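Shared between the two complexes below is chain A, which pairs with chain B and chain C, respectively.
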Partner chain A sequence: MNVSLILIILLIGAFATYLVGDKLASKVALFFSLAALGCSVVLTNHFLAGESISLINAWITQPKISFALNADGLAIAMLLLTVALTPIIIFSSFGNEYKNAKGFYALILFMAFAMTGTFLAADGLLYYIFWELALIPIYFIALIWGNGDSEERRKAVVKFFIYTLAGSLFMLVAFIYLYQKAGSFLIEDLYKLNLSACEQLWIFLAFFLAYAIKIPIIPFHTWQANVYQKAPTVGTMLLSGIMLKMGLYSVIRWQLPLAPLAAKEYMNIFIALGIAGVIYGSIVALRQKDLKKLLAYSSLAHVGLIAAGTYTLTIDGLRGAVLQMIAHGFVVVGLFFAAEVIFRRFETRNISEMGGIRIQSPKFTSMFLILVLASVALPSTFNFVGEFTVLYSLSQINVWFAVLGGTTIILGAYYMLKMFQHVMLGDKNAKTFADVTINEGISLVVIIAVLIFFGFYPKPITDLITPSLETILNVINKN
Partner chain B sequence: MEMDTNLALVLVLAPFLGFLINVFFGKSLGRTVSGIIGTAAVVVSFLVTIFFFNQITLTGKAIQITLFDWIQISNLKINLGFLLDQLSLLWLLFVTGIGSLIHLYSISYMHDDENMHKFFSYLNLFVFFMITLVIGSNLLVLFIGWEGVGLCSYLLIGFWYKNQDYNDAAKKAFIMNRIGDLGLLIGMFILGSMFSTLDYATLKTAIAGAANLNIPLLSLAALCLFIGACGKSAQIPLYTWLPDAMAGPTPVSALIHAATMVTAGIFMVTRLNFVFDLAPDVQTIIAIVGGITSLVAATIGLVQTDIKKVLAYSTVSQLGLMFLALGFGAYEVAVFHVITHAFFKACLFLGSGSVIHGLHGEQDMRKMGGLRSAMPITFWTMLVSSLAISGVPFFSGFFSKDEILLTAFHHNKALYVIGSIASIMTAFYMFRLMFLTFFKDFRGTEEQKHHLHESDGLITFPLMILALLATFGGVISLPGNSWLNEYLAPLFTKVAGEEHHLGTTEYILMGVAVLGGLLGILIAYIKYFKQDNVPESDENITGLAKVLYNKYYVDEAYDVIFVAPVNALSKFFRDYIETGLSALVFGLGKVTNELGFQGKKLQSGSIGLYLFAFVLGLCAIVSYIFLAQ
Partner chain C sequence: MNTLIAITGLGIFCLLFEILNLRKGIIPFTILGLLGVLALNFSEFGSTESYYNNMIAVSKFSTTFSSLFIVLTIFLVALSHNFYENHPTKISDFVAIKIFLLAGGVAMVSFGNFAMFFLGIEILSISLYVLAASERLNLKSNEAGMKYFLMGSFASGIILFGICLIYGAMGSFDIVEISEYSLSAELPIWFPIGMILVVIGMLFKVAAVPFHFWAPDVYEGSPALTTALMSTLAKVVAIATLYKLISALNFIPSLENQDHLATFENIIVIISIASMTVGNIMALRQVNVKRMLAFSGISHAGFMLMTLLSISTSAGVLLYYTSAYALAGIAAFSVVLYVCKNQDNEDITNFHGLGKTNPLLAAILTGSLLSMAGIPIFSGFFAKLFLFNQTIEAGFLILVIVAVINSIISVGYYFKLILAMYSKEPNQERTGKPFLIYGVAIISMTLNIVLGLFPSLVLDLLN
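This part shows the complex of A and B:
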C-alpha cells in the first residue's frame, strides 16, 4: 500500500472542497478528512503486519532531491494524530457560519496535507517544503477568519508568519550545509554523516531556532498567545493540536539524530529551558482574563515539559514526549472547542463575564470538567501516562528536574481549577446557556473517549512508537 | 484464581457501575431509587470483601491479581493489578462497611436536594477510587485511587457549587493535596530508579535482598512519600484544607474527611513499612510532625464554635496521633486507631449531621443546646462516641489511644507528653461540644424549637451501628491479647511492634491517661454545664482565644507567603516580561528594517562617494597586509 495515498486524498479533498462551493464545503471537507483517517487506519494495519510502506521517488536531480516518505511507527503515530484530529476539528466548526466557507475548509484540508507531509517526509528538502507549506494556510485562516480588531489581528498574524519563517530559514541553511557534506537530502544519508562537534553545535542551534519558535519554547513564544486568541477557534485547534507537534516531532526526527554530540553536550541547558517554560507558562496562565489566552499559556507549559522530555535523550523521555504530544493534542483541541461552545452562547472570551454555566448545563459541565482533569493529568487519563513517563525520565537525569517540572502538577491544578470555577460554577448567569447540542456533544465525547481509553491502555501506541524511537536512539548513540 | 479475579473485579467495579447508572439515569430514576442503587453498589463490595476476608483469615494467603500491562518505562513494568492481603482487606472492610452505612444515611439526609442523584454518583465514584487505592498491587495503581479520591473530595466539597466560598474550599483541598502528590510522585521515581519496580511485593523482596542499600537516597524517597501522606492525611504543613472541606455535605465529611480518605496516608506508610523501617531519620520526622499536628489541631479545636469545625480539627489531631505511632514503627497501633477512629468519628459526624438536619442547617453550637430530649438517639450515640474518643475505659478509643501513648512513652517522653496533652484537650472539646449541643436550654429560634425532632430511621440506624462499633471495637486489639497484631503480623518484617508487657509502668500510664481524659471532661462540665457558659460571639473573642479561633492565622500566613507572591509574579510576568519579550522581537524586526533603510541611503548614485569608499577600502586592505607581516 502506498503511503502517498493519504497525501493525495487530502490534497484532492482540498481542491474538491473549494470547487463544490460554500454550501457543501464543510461536508465535503469532513468526508475527505474521514477518508484520510480510514485510509490511515488501514495503512497502520499494513504497517503492523510488517509491510514496509515507505517510498522513495527521484524528484529533482540537481540538486538531488527525492520524494521520499518514510512511515515508521513514530511517523504513523503523528499521522494518526493529524488525521484523527482533522475531522474532529472540521466537525466542531459545524455550528459556525463562515464567509467564503469553501476557501476556509479547503485551507484546513490543505494544512492537514502539509502537516502530514511534514511528518512523513524522509528527505530534508521535501520536509522543509512541507514544513513551510503548512504555514501558508494557517496564515490565511487566522488573518481572514480570525476575530477581534482586524488591524491588531493583522499585526499578530503577520508577526507570527515572519517570526516562524525567519526561524525556519536557519534550518534551511543547516540543510544546505548538510547537503554539501552528504551529497543528498535523504534522511538516512544525513544520519550517516560524521560531523565534528563544532559543526554539530551550529546545526543543532539552527534547528533549534526553527523548532523553538514553532513549539514554542520560551523565550521564543511571544507570537503564541496573541495568535491563539485572534485566530478562529478552528485555527487555534490546528495550531495547538497538531502544528506545534511538528516542532516537537522534528526535534526527535531531525535535530537530535543529526547533532547528537551537541545534544548530549548541552542537554541540561535545553531541558532546563523546557522546564522554565513549564513554570513560566503556568504562572502567566494564572492571571489571564481571556479564556483562549489562558489555554495558550497552559499549552506553553505543557509543551515545555514535552520538549524537556525529548532532550533527555532516553527512551523514556522520548516515549513519554510522544505519548504526551498525542494526549495534549486531543485535550487542547477539546479545551479550545469548549471555549468555542461557550463563545457561541455568551459571545465573550472574557472569563470575568462567565460563570453560572453548571447550573444550566450539566452535560457540558461534566465534559468540560473531564477535559480540565485530563489537562492536569489526573491518573486514568492519557495525559497522566505521558506526563508520568516524562517526569520519570527527567528524574533519572536529575531529580530536581522532576521536582521543578513536577510543579506543573500543582500550578496546573491551580490555574485550571481557578478557571473552571470562574467559568462554570457559581450562581446563575444573567445570560442563558443552552446545554451542548448533539453535534457539539459528539466532538467532545470522541475526544474524551480517546483520552480515557488510552489512559488505561496506552499499550497500542507505546508498542507502535517504541521500535522507531529505539532506532533513532541508536543513531544518536552510534558514536 | 479465575473466580478470585472475577470477584475482585466485582468488588472494585460495583461502585463504578453505581456511579455510571446514577450519572446517566439518576435524574430519571428519581431520588429514592438513585439512593438505593448507590447504596446497593457499595453493599455488594462490602459483601465481596467479607468473603475475601474470611478466606484470608482461614488461609492466611494473600491473593495477587494482574489484569494487564499499563505503563511501560524502560526498567519499570507497571501493570494494573490487585493485591488482596491482610492490610488491604482490613481497610476494605471498614471502607465499604462504613461506606454502606453512610450511603444509607445519605438517602434520608440528602433527600431534599434536587441533585441527589449526583451526590450518589460522586459518592459511588469515591468508593470506587478508594477501593482502587487500597487494593492496588503497586504504587501507581494506588496513585490512581489517591488522585481519584482527591477529585471526588473536590467534587463533594464543592457540591453546593452556587456558593463560591465552597468552591474555593474545594479548590484549596485539591491543590494542597497536589502539593503532597508531587512528593509522592518523586518518592515513586526514586524507588523506581533504585529497585526497578513499584510493585509492593517485588519491592519488598528487592529491598530485603539488596546489598549496600543507599540509605540516604532511600530516606529521601521515604521523606517524599511522607510529604504525600501529609497532604492526604492533613498533617502540618498541609492540613489547612481539611477544616475548610467541611463545606461539603455532612455525610461526605463523615465518609471522606474522617473515616476513609484521610487515612490513605497512614495506609500508604503502613503499606511501605519496609521502606520506612530503613529510614529512621524520616521516622523521627513523622513522629514529630504527627505529635505537633495532634497538639496544634487540638488547641484550635478548643475554641471553635461550628460543630463540624470542632470535629474537623479533632480529626486532624487524631490523624496526628496515628502518625505519631507510625513514626515509632508501631504500624499495627496506628492501624488500630485508624479503625476505632473510623467508627467513632463517623458516628460523631453523622450525629452532627443529624443535629444540623434537625435545625435546618444550623451549625453554630452557640445556637444549639438542650437537644437531648428531642433527639435522644442522636444524643446517646454521640455521647458514646465522645466517650470513646476521650479515651474513657472501656470504649474502643481507650484501647487504641492508650497503645499510642504507651508506644510514645517508650520511645520519646516529650512526644508522649505532647500526645497526652492533646488527648486531654480532646476530651475537653468533645464534651464542650456535647454540653453546648445537648444540655441546658435551646438557644435557637422559636421556629426551630417548634420543629425539633429526632431524625428518621435511615439516619438513626447507621448511628446506632456505629455507636456499637465505637463502644466494642476495642476488642480487636485488647492489651496482651491482640487479634489485630496477629492478623497483621505477616506484613511486617519486624516482630509486630514490641509487645508491651503489662507491667506497673503500663498500668500507671493507663491510669494517667484515664485521669487526663476525665479531667478534660470535668473542666468541660464545670465550664459549660455548671457555669452555663456559652462561647462569646465572634467580635468579643480576644487574646489567645482569638488567635486559636482564627487558627493561628495560618491560612493568612500561607496567603502572604505563597499565594500572593505567585499571583504577583504572574502579574509581573504578564505585564512586563511578556510585553518586554514581545517588544524585543518587534525590535529585531525594526532593526532589520532600519538597517535596510539606512543601507538604501548609501546607494546614492554619487560616483565620488563610491570612489572614495573604494580607495579607503583599498588602503585598509593594504595596510592590514603590511601590518600582518
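This part shows the complex of A and C:
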C-alpha cells in the first residue's frame, strides 16, 4: 500500500474543506480525517503483516533531494496518534461556531498533513519542509481564531513563530552540513556518517535548539504558556497533543542517531534540563489561576520527563518516552477539551469563578476525574505505563534523576486534584451547568477508552515500537 | 541578438501606436509582442554565438536571464494598465520606456565588449531616471528622480573610469581578449583596480551596503509601479550583470594568480553581511511598505552577493534565487498597487483588515512575503537552501550562520504586514476587481509555488 495516500487524503481534504464553504466545512473535514484514520489502520495491518512500507522518488537532482517516506513501527505509532487525534479534535469543535469556518478547518487538515509528513519523512530535507509547513497553519489558527486581547495575542503568536523558526533554521544549517559530508539527505546515508566528536557536538546543539523550542525544554519554554492560553482550544490541542510530539519524535529519529557521541558525552546535562522542566512546570502550575495556563504548565512538566527519558539512550527510556508521548497526547487533548466544555457553559477560564459542577452534572465530573487521574499517572491508566517506564530508565542512569523526576507524580497529583476540587466540587454555582451533550460525550469517552484500554494492555504498542527503537539504538551504539 | 533587435523594435512600435491613436491596444499588443520575443529567445537557448565583432555574445547564461527579464517585463507591463488609468495620454511613453529598459537589461547580460556593457547600463539607468520622476506634479517623485539621477551618474562615472583603467591595463575592450590576458602571470595593478571600480558601480545599481543610500528614498518617492520595476527587474539585471562581469573576465583566477583572492573574498563577505544586516535592521522600523520592501531588497542583495563566492558553480543558484525573489516581489507589488491605488501614501495602515475584505489578495501577499522570508514550500525557501548549500560547500560556514540569523530577523517585518492584514479591523472599502492585477498576482504566485515544487526546472538550466 502506498504510504503517500494518507498525505494525499489530508491535503485534498484541506482543499475540499475550503471549497465546500462555511456550512459544511466541519463535516467534510471530519470525513477526510476519518478517511485518513481508516487508511492508516489499513496501512498498520499491512505493516504488521510484514510488508515494508517505504517510498523513494527522486525530486531535486542537484542538490540531491528525494521524496522519501518510510514507515517503521515508531513512525506508524506517531502516524496513528496524529490521525486518531485529528478527528477527535475536529469533532470536539462541533459545539463552537467559528467565523470563516472553511479556512479554520482547512488549516487544521493542512496541519495534520504537515505533521503526518514530518513523522513519515525519510529524507532530511523533506522532513525539514514538513516540519516548517506545520508551523504556518497553527500560526494563523492562533492568530485569527484565538481569544483574549488581540494585541497580546499578536505578541504571543509572533514570539512563538520567530522562536520556532529561529530554532529550525539552525537545524537546516546542520542538515546542509551533513549533506556536504554524506552527499545525500536520505536518512540511511546520514546514519552511516562517522563524524568527529566536535562536529557531532555542534550538530547536536543545532538540532537541540530546534527541538528544545518545539517541545519545549527549559529554558526555551517561554512562548508556551501564553500561546496555549491565547490560541483557540482546537489550536491548543493540536499544539500540545501532536505538534510537540514532533519535537520528541525528532529527538529519537534524528538527533540521537546523528550525533550519538555528543548525546552520550553530555547525557546528564540534557536529562537534567528535562528534569528541571518537570520541577519548574509543576511548581508554576501550583500557582496558576487560569485553567488553560495550569494545563499548559502541567504539560511542560510531563514533556520534560519524556525528554529526559529520550536522552537516557536506553531501550526502556526510549520505549517509555514513546508510550508516554502517545498517552500524554490523548490525555492533554482530553483535559483541554474538558476546559473548553466548562468554558462553553461558564464563559470563564478563571478557576476561582468555577465550582459546584459536580452537583449539577455528575457524568461530566466522573469523566473529568478520570482524565485528571490519568494525567497524574494513576496505575491502570496508559500514562502510568509510560511514566513508570521512563522513571525506571532514569533510575538506571542515576537514582536521583528518578527521585526528582518522580516529583511530577507527587506535585502533579497535588495541583491537579486541587484544581479538580476548586473547579468541580463546592457549593452550587450561581451559573447553571448543563451536563455534557452527546457530541461532547463521544469525544471524551473515546479518549478515556483509549487511555484505560492501553493502561491495562499496552502490549500492541510496545510490540509495534520496540523493533524500530532497537534499530535506532543500534545506530546510536555502532561506534 | 535577435531578441535584442526584436525588443527594440517593439519599443518603437509602442511609440508608433501613439501616433496612430491606438492607445487602447498598446498593452495587449505589447504583451503579445513580449511573448513572441520570449519564444524567439527560447529558440536561441543553448547556442553560443557572438555578433558584430563580439559586441554581443549570446550564451546559455544570457538567454536564460533574458527570459527571466522578459517574463518580469510582461508582468510589469500588464500592471501598467491599471496604474496609468488616469493618464491615458502618456501610456505609450511609459510602456515604451519599460521596453527600452528591458532592451538595456538584455544588452547588459549579453555584452561581449565593455562598450556594449556601458551602453546597456546607460539605457537601463536613463529609463529608470525618467520613470522615477514620471509623476510630474508630485514633489516626492521629482525628488526621487533627481536623487537617483545624481547618484546614478556618479556610479556611471566610476564604472567608466574603471573601464578606462582596464583598457589601460589590457589594451582591449573585448571580453574574450581581456579574459585571456587576465590569466597571464604578470598583470599591471590597474586591472584589479579597474575591476574593483566597475564592481563598485554595479554594487551601487544592486543597492548593496555601503552603496545603498539612494534606495530607500528613491523607492519611496517613485510611483509604485516604478518601485516594483526597480526592486525586481532592475535589481535582477544588475546582479546578473555583475555575476557575468566577474565570471566572464576570469577575474577570480587572475586574482588567485596574484594572491589577492582572499582579499576580494573578504570584501564580498563583508559587503554581503553588511547588506543583509543593515537592510533587515532598518526594515524593522519602517511603516511605509515601499520603503520596507526597499530595505528588504537591500538585504536580499546581500544574499545574492553570496553567489560570487563560488562563481564557477553558482550560476544556476543565482538564476533560481533571482527568479524566486523577483516573482515574489511582483506578486507583493501587484497587491500593493491594488491596495494603495488612490491613496496618498503606502503606509501599513492601508493594509489593515485586507484578510477580511479581500482574502485572495491577502493570501497572495502573505505567500509572497513568506517566500521572501524563506518558508517552504515557496521557492524563496529553496533559493535560500541552494544558496546556503553552495556557500557552505565553498567554505563560508560563518557567513551562512549570519545569513540564517538575518533570515530570522527578516521574519519580524514581513510578519508585521501579515499581522496588519489578519489581526486588524478593516478601515476602508475597496471596490472593483481589476482583472490584470488579479491575473498578474495569481500567475506570479503560481509560478512561485511551481518553482518551489519543481526547483530542478530552473536550477538545472545553467548547471
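The rule is short, and it goes like this: the second predicted complex is superposed on the first by the 479 of 479 C-alpha atoms of A that agree within 3 Å, B and C clash if a C-alpha of one lies under 4 Å from a C-alpha of the other, contacts with A are read in each partner's own complex, and residues count from 1 in each chain.
Simple rule for what comes next: a contact is a pair of C-beta atoms (placed from the backbone, for glycine too) under 8 Å apart; a residue touches a chain by one contact, two chains touch by 3 or more.
This structure is a prediction, so every number in the text was calculated from the model and none was measured.
Engineer: Looking at the overlay, does A:M325 come into contact with chain B only (first), chain C only (second), both, or neither?
Structural biologist: After superposing on A, A:M325 lies clear of both chain B and chain C.
Engineer: Please indicate which partner A:L417 is in contact with in the superposed arrangement: first for chain B, second for chain C, both, or neither.
Structural biologist: first
Engineer: Mind working out whether A:L10 is in touch with chain B, chain C, both or neither, as first, second, both or neither?
Structural biologist: neither
Engineer: Going by the contact rule set out at the top, does A:I144 touch chain B (first), chain C (second), both, or neither?
Structural biologist: second
Engineer: Just to be sure I read the superposition right, which of the two partners does A:I162 touch: chain B = first, chain C = second, or both, or neither?
Structural biologist: In the superposition, A:I162 touches chain B and chain C alike.
Engineer: With both structures fitted on chain A, tell me whether chain B or chain C touches more of chain A's residues.
Structural biologist: B
Engineer: First (chain B), second (chain C), both or neither: which does A:P63 touch?
Structural biologist: Second partner only, chain C.
Engineer: So in the superposed three-chain picture, is A:L294 touching just chain B, just chain C, both, or none of them (first/second/both/neither)?
Structural biologist: A:L294 sits against neither chain B nor chain C.
Engineer: According to the stated criteria, A:T462 is in contact with first (chain B), second (chain C), both, or neither; which is it?
Structural biologist: The answer is first: A:T462 touches chain B but not chain C.
Engineer: Please identify the positions on chain A that touch both chain B and chain C, taking each partner from its own complex.
Structural biologist: 162
Engineer: Of all residues in chain B, which touch chain A in the complex?
Structural biologist: So the residues of chain B touching chain A come out as 23, 68-74, 76, 80, 118, 140, 143-144, 146-148, 151, 154, 158, 161-162, 164, 167-168, 171, 174-175, 178-179, 181-182, 185-186, 189-190, 192-193, 566-567, 569-571, 573-574, 578, 581-582, 584-586, 589.
Engineer: Please name which positions on chain A make contact with chain C in the complex.
Structural biologist: Contact set of chain A toward chain C: 60-63, 103, 125, 128-129, 132-133, 135-136, 140, 143-144, 150, 153-154, 158, 161-162, 165-166, 169-170, 172-173, 176-177, 179-180.
Engineer: Looking at the complex, which residues from chain A come into contact with chain B?
Structural biologist: 159, 162-163, 219, 221-223, 225, 280, 283-288, 314-316, 319, 358-359, 362, 366, 373, 378-380, 385, 388-389, 391-393, 395-396, 399, 402-403, 406-407, 409-410, 413-414, 417-418, 421, 425-428, 456-459, 462, 466
Engineer: Any idea which chain C residues touch chain A in the complex?
Structural biologist: Residues 316, 355, 359, 370, 375-377, 381-382, 385-386, 388-389, 392-393, 397, 400-401, 404, 407-408, 411-412, 415, 419, 422-423, 455-456, 459-460, 463 of chain C touch chain A in their complex.
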